[in-house]
């Protein structure tokens, strides 16, 4: 099971008047983490879009444990927790040093430029195979 | 059971290159909906903060059904789905005309300026009572 | 000379840890003000884009006089300070009650979907005429 | 004359439906560039704030030459173009490879936590001296 690591530094504009990183930013950081996960396996997301494959988000969940502060360096550990021909779920852990400060998940559908479903396994088998390497091992075998 | 209504117009800056409102904006709109819910019952959130009551978000979930587009006018229907002395959960439905395009929930803890838990029922009984009017009726009775 | 008025309420997510609305939001509010200026004269910006007319921003300037705070209601007064067949400049005044808290300008080029220049006067004479009503009167006469 | 370099990767959330990075993001990137300039000289901005020194922005200007696209890697070259006991101006050049795609400036006042002016030269002479190394050489001598 592979995992991707993305480093984020909290920007001033991302703080709010409570003095912490505003919760809406985590969704943006997760997206950056997905971008780096796919780039790290040679599939730039913008190339996928150019090929006509899009991954609109259907579900987002975040569990915030501890705040992040301005100038904090955060590491996001990203894996894939579910993959089928029609959908993928990414899982995220946001680390501040050794501490998990937030966990989250995003579910995505595979669609074409017309926003209609795409069967990833058939239409883009290589993308499917590469993504499946990020699944936990037992699930990987089942494929 | 009361409900609050908030009207949002999708801004150009909120769109992304998929041509739809970026998913991270819904968390910001939900927050605006909370602001208007509390303002509508005479409790400006900034006054609550000034009184030393903060509601940091501990959990966020969104289920996106249909996209929102630039200049779309959206109505967010906001209620309270859970309330205790320590926590509150808000529920949101984002409407585009008669269609529900997104649903979501945010869970919050009641804390003081020192980020330590506050017993809302004891410390701010009036806030507690006013919020409880937004609960579904059967739950309201249980209080 | 016409002017457009746009009302904005400062969102929590727009504040930063200095406790004021972050300066980057004003560019977003200016854009919302442009959207409402054009919508107010029957030209929805999304229709202009659909017709193949885009107004990418080439210059932005803001002068910040006083901060805006969370839940503040701001009124943006928007006019047009320069208009030619190739370019338009919008001018903005952000009011908090009777006080001007920020002034700004944005310059835009008229381009087509291919990002090449468009002669607004020739290609979209009606848009040109309608926009010119927002110019200061003496300039209006010169047209 | 010193210069600071900051690398930014355009995030998906930063694009708009024109398919380019939305112009409001440059102000956020400039701020990140300031953060890294000061961090690079051993003065974390959050430490300055903790010491009671804040640099609210009074003026922002951007000149956009060419768009930035999703996943583009941009380098921001940041220097100081003006420095006095009361104010500082930062200058920015956003590079995409060898091409300047945007230039900008931000002016800031030195204030304390009470938002009243602070004489940087007197109150924080070391900060003043360190910042002045980023001035063009001829100006540096004048000090």
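Labels for the chains are A, B, C and D, by order of writing; each one numbers its residues from 1.
Following the convention adopted for this analysis, a residue touches a chain if its C-beta (ideal position, glycine included) is under 8 Å from a C-beta of that chain, and two chains touch if they have at least 3 such contacts.
Just so we're clear, the structure is a prediction, and the values are computed from it rather than from any experiment.
Seen from the Cα centre of chain D, the chain whose own Cα centre is farthest off is B.
When the C-beta contacts at A-D and at A-B are tallied, the pair with the greater total is A-B. Remark: chain A and chain B have CA centroids separated by 25 Å (rounded to whole angstrom). Between chain A and chain C, the centres computed from C-alpha atoms are 35 Å apart. For the pair chain A and chain D, the distance between C-alpha centroids works out to 30 Å.
For chain C, residues touching at least two other chains, in rising order: 12-13, 17-18, 20, 24, 27-28, 31, 70.
Contact residues of chain A toward chain B in the complex are 17-18, 20, 23-25, 27-28, 31, 49, 54, 56-65, 67. Every residue of chain D that touches chain B in the complex is listed here, in rising order: 12-13, 15-20, 22, 24, 70.
Residues of chain D that touch chain A in their complex: 9, 11-13, 27-28, 31-32, 35, 39, 44-46, 69-71.
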